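Pasting a structure below so you can have a look.
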Amino acid sequence: MALLCSLRQVGVSLGGKTILRDIDFDLHPRQVIGIAGPNGSGKTTLVRTLATLVRIDRGQGTVLGADLGTDQVYEVRSEVGLMGHRPAVIPELTITENLEHVCRLAALELSRARSALGVVGLEDAARTRAGAASHGMLRRLEVARLLLTRPRLLLLDEATHGLDSSAQELIDALIARTVAGGGAAVMVSHDAERLSTSCDAVMGLAVGRLVAGA
Amino acid sequence: MQHRRFVLLGIGGVIALVVAMTLIGLGQNLTYYLYPTEAVDRRAEFPDGERFRLAGMVVEGTVERGEVYRFEVTDGGATIPVILRNSPPPLFAEGVPVLLDGSWSGDTFDAGEALIRHDENYRIPERGGTAAEG
Amino acid sequence: MKRATVLVGVAALAIAVGLWLALTAPADALQGAFSRIINIHVPSLWLAFLAFGVTAFGSIMWLWKKRPRWDRLAMASAEVGVLFTAIGIATGMIWGQRVWGTAWDWGDPRLATTAVMFFVYLGYLALRGAIDDPVVRARRSAILGAVAVVQVPLVYFSVNMFRTLHQTQSIRPDGSTMPREMLVAMLVNLAAFTLLYVALVVARMEVAEAEESAAEREAMAGAEVKPPRLSEVGDV
Amino acid sequence: MSFGDQTLELARVDLALERRLGESFRIIAPFALVALAMFPMALGLRITLVSEIGTAVFWALGILFGMQVALRRSSTDDRERRDLHALLGVDPAARFAGRVLAGSLLTTAFLVVLFVAMVLLYGPRLPLAAAPAIALSIVMVAVGLSELGTLAGEIAWGLRDRTALASLIVAPLAIPLLVAGSQTFEAIAAGAGILPWVLLMLTTDLALAVAGVAMARPLEEATR
């Protein structure tokens, strides 16, 4: 089966600094790969590269069949799900409004937003402003979003950091559903032990270089 | 891609509008100043005290300086007598194109200030003095 | 720096010839010696328009090809263009004060357009100064460079529905309204200033290239975080 | 989801945020009104002059403060929201269109408030029959301003001096709007035709719309 992601000798520079160098990376369907690395090693940039949100400066790569650095990426972006290390929410809107905004942009029925909130256990917090909600609540909101949009490529950047065990289980369930649907996931964390329990393979990232089996 | 079509159509639209603007803009009298013939024709639009600008050539032999400057300006058609209240720029002379800021006062143009409107022609001084009429 | 040094030398020579011609050519009958200012005024503003045109061209080429040298061309040309616009406006104001009797007139489309253009490219340079990342800087300023050039003719049109105080151009397809000696002097100055423009742009581009590679070397060095030596914490 | 639906949803959220933040009408509009009141105070008792400069002051302040409305806080978003929208498949051109739509509505409302205040404070000579022409020029200037503000806001996105820098970029480029708006009012007062000035505003609005759509993708990449 075709690779979901494939990077060859990819290099990325930001702010005049080289963040990633000579990255070779393949992601097969139904695979869950962990990438561990210390702060500043380029984890977030790697995740955003796989999400097609960073333009690569050297090498070549494809994500979901789209060549990076071309306009093809616009065709596949809606099949990528990203949970960044800071939650992607609009703080002035309530939790429900945030999810309904996602539903409208993704052309989904609004009633599904309410049921998704039930699944992640947020029905009582639905009218809380996102800016006033706790980190754990926002993570659950993001899980609800990714359950609704059903991405084929799931990217988790420090997603489980600081979460209680029930929220962590929710994220594991999200990964399991993505993999069962023929998708794949990449988890990035500074915590290699946590990764080894939920991933098929773990790689290490150090000073912008990827090394197998950390 | 539909955006490309929008961009191409839009560029065409902008060009068409600019052409239309040029044609209409020239047809309309959005004037920064009037020539004497026009000022006389449109006398009714500018009652005494209504400010506008008048451009013309200072008629030779009409300049009188007293407390104020008095002279006549012409564009070859109409000729208008002018009172100039402030002193003119140093290059002011007979036969020079001027731009005057003021209003009608009866048949006279009462100007506060004068500017020299130098045209695009440059001339070398003729032997022995000032420029010939151009 | 060799290419730029040679160009600057040639340009300096040409300017010297231009200056000599400007001072020896006869002066205008009405304006007197002040007409000699056109030898600086006209070439400066001609170069300003050329420079901003080149900036727009460099911007569009950068958006298309993404080569750093197009960004450097756009930047260098904008900087030199702002300089020449300032010289052109200043000389025009001196001349206007003397000949028109006023240094500035807001009803005039040329004056207004030139002033607006000056501010637009001051904004362009301010934007460049506010961004550190070379790629982000190139991309955003290329977008501004490409959009701003669309607005310049609009500004010109918006004010051009009036008649002007400023004279129309003296050099036309059907011949010139200037005496021959004056025209020759001005054309030589035009050529000399164009050479100066090219020399300044090339020199500025070389400086920018050197700065960028220096910045890159600096960024490459010492970017690693070493593991802390926990056993020594007590000694700090 | 279609381009139009995306545009409407993004505009709706921008307006919802502005309703909660209230920057345009709680801060910018009062500030503009203070500025409007300052001109007659600086002029002293020269009443006839005040009625003569009313429309000019309205347009100068309308452009300067309307620009601040176009650059308000609710028209900018953080990296996370940008990533979210990108990965929901939002067309970059729809992002531009949605922001311009919300900005145009707010700027129009702002200019109307400022206009009413100017009429009350300055008493300019504008015939009542010219109301449609005045409304048209206000709407067209508002659209152009919010297009410019959106473009400049994106170009200056995430920079330290975003608001000041974007204002510096917008102000000179807004000159055609300033000239066309004020000349429309002049033409109305003089009983002359406004067609050339309407065409100029239309050209500016259209040129900026084309620039916004053509530059939508490079602009999105520019804010990586």
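Should a chain be cited, it is by its letter among A, B, C and D, assigned in written order, with residues numbered from 1 in that chain.
The criterion applied here is as follows: a residue touches a chain if its C-beta (ideal position, glycine included) is under 8 Å from a C-beta of that chain, and two chains touch if they have at least 3 such contacts.
All figures in this text were calculated on a predicted structure; none of them were measured in a lab.
A.B. asks: If I rank B-D and A-D by number of C-beta contact pairs, which comes first?
C.D. replies: More contacting C-beta pairs are found at A-D.
A.B. asks: Looking at CA centres, what chain is most distant from chain B?
C.D. replies: Centroid comparison gives A as the farthest chain from chain B.
A.B. asks: Quick one: report the Å distance separating chain A from chain D, using the average Cα coordinate of each chain.
C.D. replies: Computed from C-alpha means, the inter-chain centre distance equals 37 Å.
A.B. asks: Approximately how many whole Å separate the CA-defined centres of chain A and chain B?
C.D. replies: So the centroids are 69 Å from each other.
A.B. asks: Distance-wise, how many Å sit between the C-alpha centres of chain B and chain C, to the nearest whole number?
C.D. replies: Inter-chain centre distance comes to 32 Å.
A.B. asks: Two-or-more-chain contact residues of chain C, please, as numbers and ranges.
C.D. replies: Residues 136, 157, 161 of chain C each touch two or more of the other chains.
A.B. asks: Do you know which chain B residues sit against two or more other chains?
C.D. replies: 18, 21, 25, 28, 30
A.B. asks: Check each residue of chain D and list the ones that touch at least two other chains.
C.D. replies: 196, 200, 203, 207, 221, 224
A.B. asks: Looking only at which chains touch which, which shape fits best: line, ring, star, complete or other?
C.D. replies: Graph shape here is other: it fits none of the named patterns.
A.B. asks: Along chain C, where are the residues that touch chain A in the complex?
C.D. replies: My answer: residues 132-136, 215-216, 219-220, 223-225.
A.B. asks: List the residues on chain D that touch chain B in their complex, please.
C.D. replies: 3, 93, 183, 192-193, 195-196, 199-200, 202-203, 206-207, 209-210, 213-214, 216
A.B. asks: Spell out the residues on chain C that touch chain B in their complex, using ranges where they run on.
C.D. replies: My answer: residues 26-31, 35, 98-102, 105, 107-108, 153, 157, 160-165, 167-170, 177-179, 181-182.
A.B. asks: What does chain A use to touch chain C in their complex?
C.D. replies: 13-18, 38-40, 55, 57, 207
A.B. asks: Using the touch definition from the top, list the residues of chain B that touch chain D in their complex.
C.D. replies: Going by the criterion above, the answer is residues 2-3, 6-7, 10-11, 13-14, 17-18, 20-21, 24-25, 28, 30.
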